[in-house]
């Protein structure tokens, strides 16, 4: 079931969702088995930003019904150290590397894309546009016009395939996808987490209720969001010609098949990897059994 | 725990979500017990439109993880027959009546509001702005400007308290709430169902996969959406002064308390009533036990 | 008689195999159902956590039998749970394990709790004009026919099953004539063939049928041709069972009907044809479908 | 030794009460853990469907003991499930039922399946410079100390519990000195009081501690004052246990550390102070919090 994705040959349609699998940490934990049994057709690294980020204060996790809420806050070592320290390690993986980047301005994004463009270890770039606009507070990816403008400015800075990871927190994700396509995106990926709130569990009566998460609000992921993800992927796939990377609550080959049937070219496993680091391997196995689909 | 809501005195903060409880059918099924043990502080009737609607073709239901997807399609007998046949029956309920209406144009909405204004049986009006705009296909409630314009035109047609039921399928629900408030809404309610897709279960291999629901896409409700509902309610309550009716996956008094803590004045029980018609009664009971909150 | 306005907690008294089916028995504090009525059932523990973390909603099941009189509650480790009532009786349900909900219910052991809302819906009506009752069932659809046979002085019972294992379900009724798809028990063939032969001899009959949609459609069609009155117990996906969700509609000559309150038993004359659950060829209106709207 | 790159299915061999706790034993095909390491556990059946339909994620538990050698698998109704392996051993976990995940694990019966990913994380390091090992535990935090005591030639063990019922947990270790908050067993008081007295006599010690954050903070503070090395086994909410989610961070002098890969055992010197799980007073950066972003 080998697949051509933006000119990259992939062994199968399963990749990881950015930020849900740290291949470098996994290599420390699982040793060479990580490389020998690597389950993803391509590896998508966690979002990096121009400057290092420590991320949001803990607690960062909350378990929801059929899912989880996270408020990690995009901790990362910043572009420079990522390129120097992580890229060589990630280049050793037996799968093409997709680097996920995020910037709060066209200038920042352009810098990130330029840096990626220079590195042959990188097969493609995924641009996370779920970044809150400093002025409006909305995700820059939530408004089609704004998204097209930003992409138009940054697209020329890299010749590598550019995947735009859309935000699901918008009125019309298909319009955003069309805007991204028209502005030169080679693919789109969705869905990112849904904005969500986790109240602190009631402690001593009278104690002021508030958010559980150090970051205030967080993002909902896991099976709970799969029906929303399928609706957004289907809506996007119906409107764009570029390949779609579908994700959101995928736990089984049957779920993955639902996204492919909805029009996705690739599917990504995220939260399910937390329940089993080799969940994606199981799904790929299930795929090759007709029964699964 | 009596409450003043837009000048209406309510015995407690629990009402029903529109379209999740049919008091007239329930009276047929449960007899006078319905009135004797009526669990809601106010009754919100299912959305009515100017003309009768048969609703979407079946199947209309799909069970999701920790929730359900529905594609009912707003079946209703239309304004005229609702006023003639249903209103007298609903007026007999031991709770104030809130009539939920939807129109696809300001003219239609104005007609609906005017008709409600004339009836003393009606305590308040809830306007469902999740109606797809015929031109854009987006919910008229998804764009703050458009929402403000429509509300500005219809607000004068009724002197009754007007609750605007916001759509959750938007980029910035708080901005929509602010727009509604500035255009004269006396309260806002949220969240409505999240746009969702249910794929048909795999039948004979080779059979074309497609949507399970007769309506194509549907709306996700139940516990799966509670974290999203809490985030939207908290965001809205932080920006508007008018009372907020919070709903989305409420199953217990603790869940209801989470919405009140997030800034809601009233909370509505929807899907949970399907699991137990007296779920709201249980929640009200749990409320009066300190333990619950 | 109206249903209690609250789901109530029954205590399982038995869970017996009947061929390929299970018969779940529970002490029921409520009043007796009329044949054809149903209850919305859910296990009181661990409802959820199954395939895809379902079930979430309760499931609809026909009363298959109802034994009046004080019901015995078996010893249970958890006294709190045991549920006696001076009146009431014992409700029997026939279960086929087809998914997470029925699977969970098929696991229930005596003493465990069962949430039930019911009796719900409109059941069978007695034959009029001295007509003879002919009960026609397919598969698990025999459930409402058993309790209906209990209520009738006399009835002819014609049942069809996949194979011998399922045909054992026929024991739920008395002296039923049985056919199977594979001939492994009784005659090989379709129950509608039995029905036609029977109606050739006994045209002055009223037909009561429950089973898979194709069988019901065949019954409807052949009764329509012969001008024989028929009452069909239909199925559709249900969320609430009491008219709240508008999810269970089936197309009738007068538009969509909520099967939970207007059915599940419908007069065959009201139906243009019996649809496969999940088929949606019919839309009585020219209005545009409202995607994504409740 | 790296952990197997896949969660594996253990078979429960025993589930025994130990005072207010349960000791869950399971045959483990994997290699032996080092003391202080943990596993991410989930029941192989019915994980989910509990309070608020949780648990969904696996839960982290310290290995409390590990018995090498071929493990016996008890007779189980479901042969498919039983899981033998030539090597391996038996892992013991000490459980306190505090929510849906621990509740479900506390129900597991011999023969039932247990998903486990592990051994994970960095464990205790042996004392250096001829220092004596002092193991200080509070409540369920005694788990990693038991397996550590097994590995050490000699150690002083000081344990604190709420009351007598919980103090029975002390049997997990050998000749431990016990205090309780209510004096219902052993001396009334805090385990840190025992520790101070002990360190007065034996200053040439290394302290190994696990327990509630306030206890760990007290241990950290008093060891810091005395310049005594201490290794603290911390807790934090975890989703993955292998460094994938960045959710389990705790503040250290060098910024946030992922407890699952950089811990759970941290050198006390790395910590400015031990936070309550759920407290978030500390933010090493001036960067704005990114609401709603993963």
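Every chain is named by a letter (A, B, C and D) in the order it is written, and numbering of its residues begins at 1.
Everything that follows uses one rule, which is that contacts are C-beta pairs under 8 Å (C-beta built on N, C-alpha and C of every residue); 3 or more make two chains touch, one makes a residue touch a chain.
Predicted model, so just to flag it, every value in this text is computed and none were measured.
Participant: Enumerate, in label order, the chains that touch subunit B and subunit C alike.
Facilitator: Touching subunit B as well as subunit C, we find A, D.
Participant: Taking each chain's centre as the mean of its C-alpha atoms, give the chain farthest from subunit D.
Facilitator: Computed centres place C farthest from subunit D.
Participant: If I rank A-D and A-C by number of C-beta contact pairs, which comes first?
Facilitator: A-D
Participant: I'd like to verify one number: the distance from the centre of subunit A to the centre of subunit D, where each centre is the average of its C-alpha atoms, in whole angstrom.
Facilitator: Averaging C-alpha atoms per chain gives centres 32 Å apart.
Participant: Where the CA atoms of subunit A average out and where those of subunit C average out, how many Å apart are those spots?
Facilitator: 47
Participant: In angstrom, rounded to a whole number, how far apart do the mean CA points of subunit C and subunit D lie?
Facilitator: Computed from C-alpha means, the inter-chain centre distance equals 52 Å.
Participant: Where in subunit C do residues touch two or more of the other chains?
Facilitator: If we look for residues of subunit C contacting two or more partner chains, we find 48, 52-53, 292.
Participant: By residue number and range, which residues of subunit B touch two or more other chains?
Facilitator: 62, 64-67, 169, 195-196, 217, 223, 231
Participant: Answer with line, ring, star, complete or other to describe the graph linking chains that touch.
Facilitator: Contact map by chain: complete.
Participant: Where on subunit C is subunit D touching in the complex?
Facilitator: Going through subunit C, the ones touching subunit D are 46-50, 53.
Participant: If you look only at subunit A, which of its residues touch subunit C in the complex?
Facilitator: 66, 223, 231
Participant: Under the stated contact criterion, what part of subunit D meets subunit B in this complex?
Facilitator: 52-53, 292
Participant: Within their complex, state which residues of subunit B touch subunit C.
Facilitator: Result: residues 19-22, 25-26, 28-34, 37, 46-47, 53-68, 70-75, 130-132, 169, 192-193, 195-196, 200, 212, 214-219, 221-222, 271, 273-278, 281 of subunit B touch subunit C.
Participant: So in the complex, which bits of subunit B are touching subunit A?
Facilitator: 62, 64-67, 69, 138-139, 142-143, 169-172, 194-199, 202, 205, 209, 217, 220, 223-228, 230-232, 234, 249, 254, 257-258, 261-262, 290, 293
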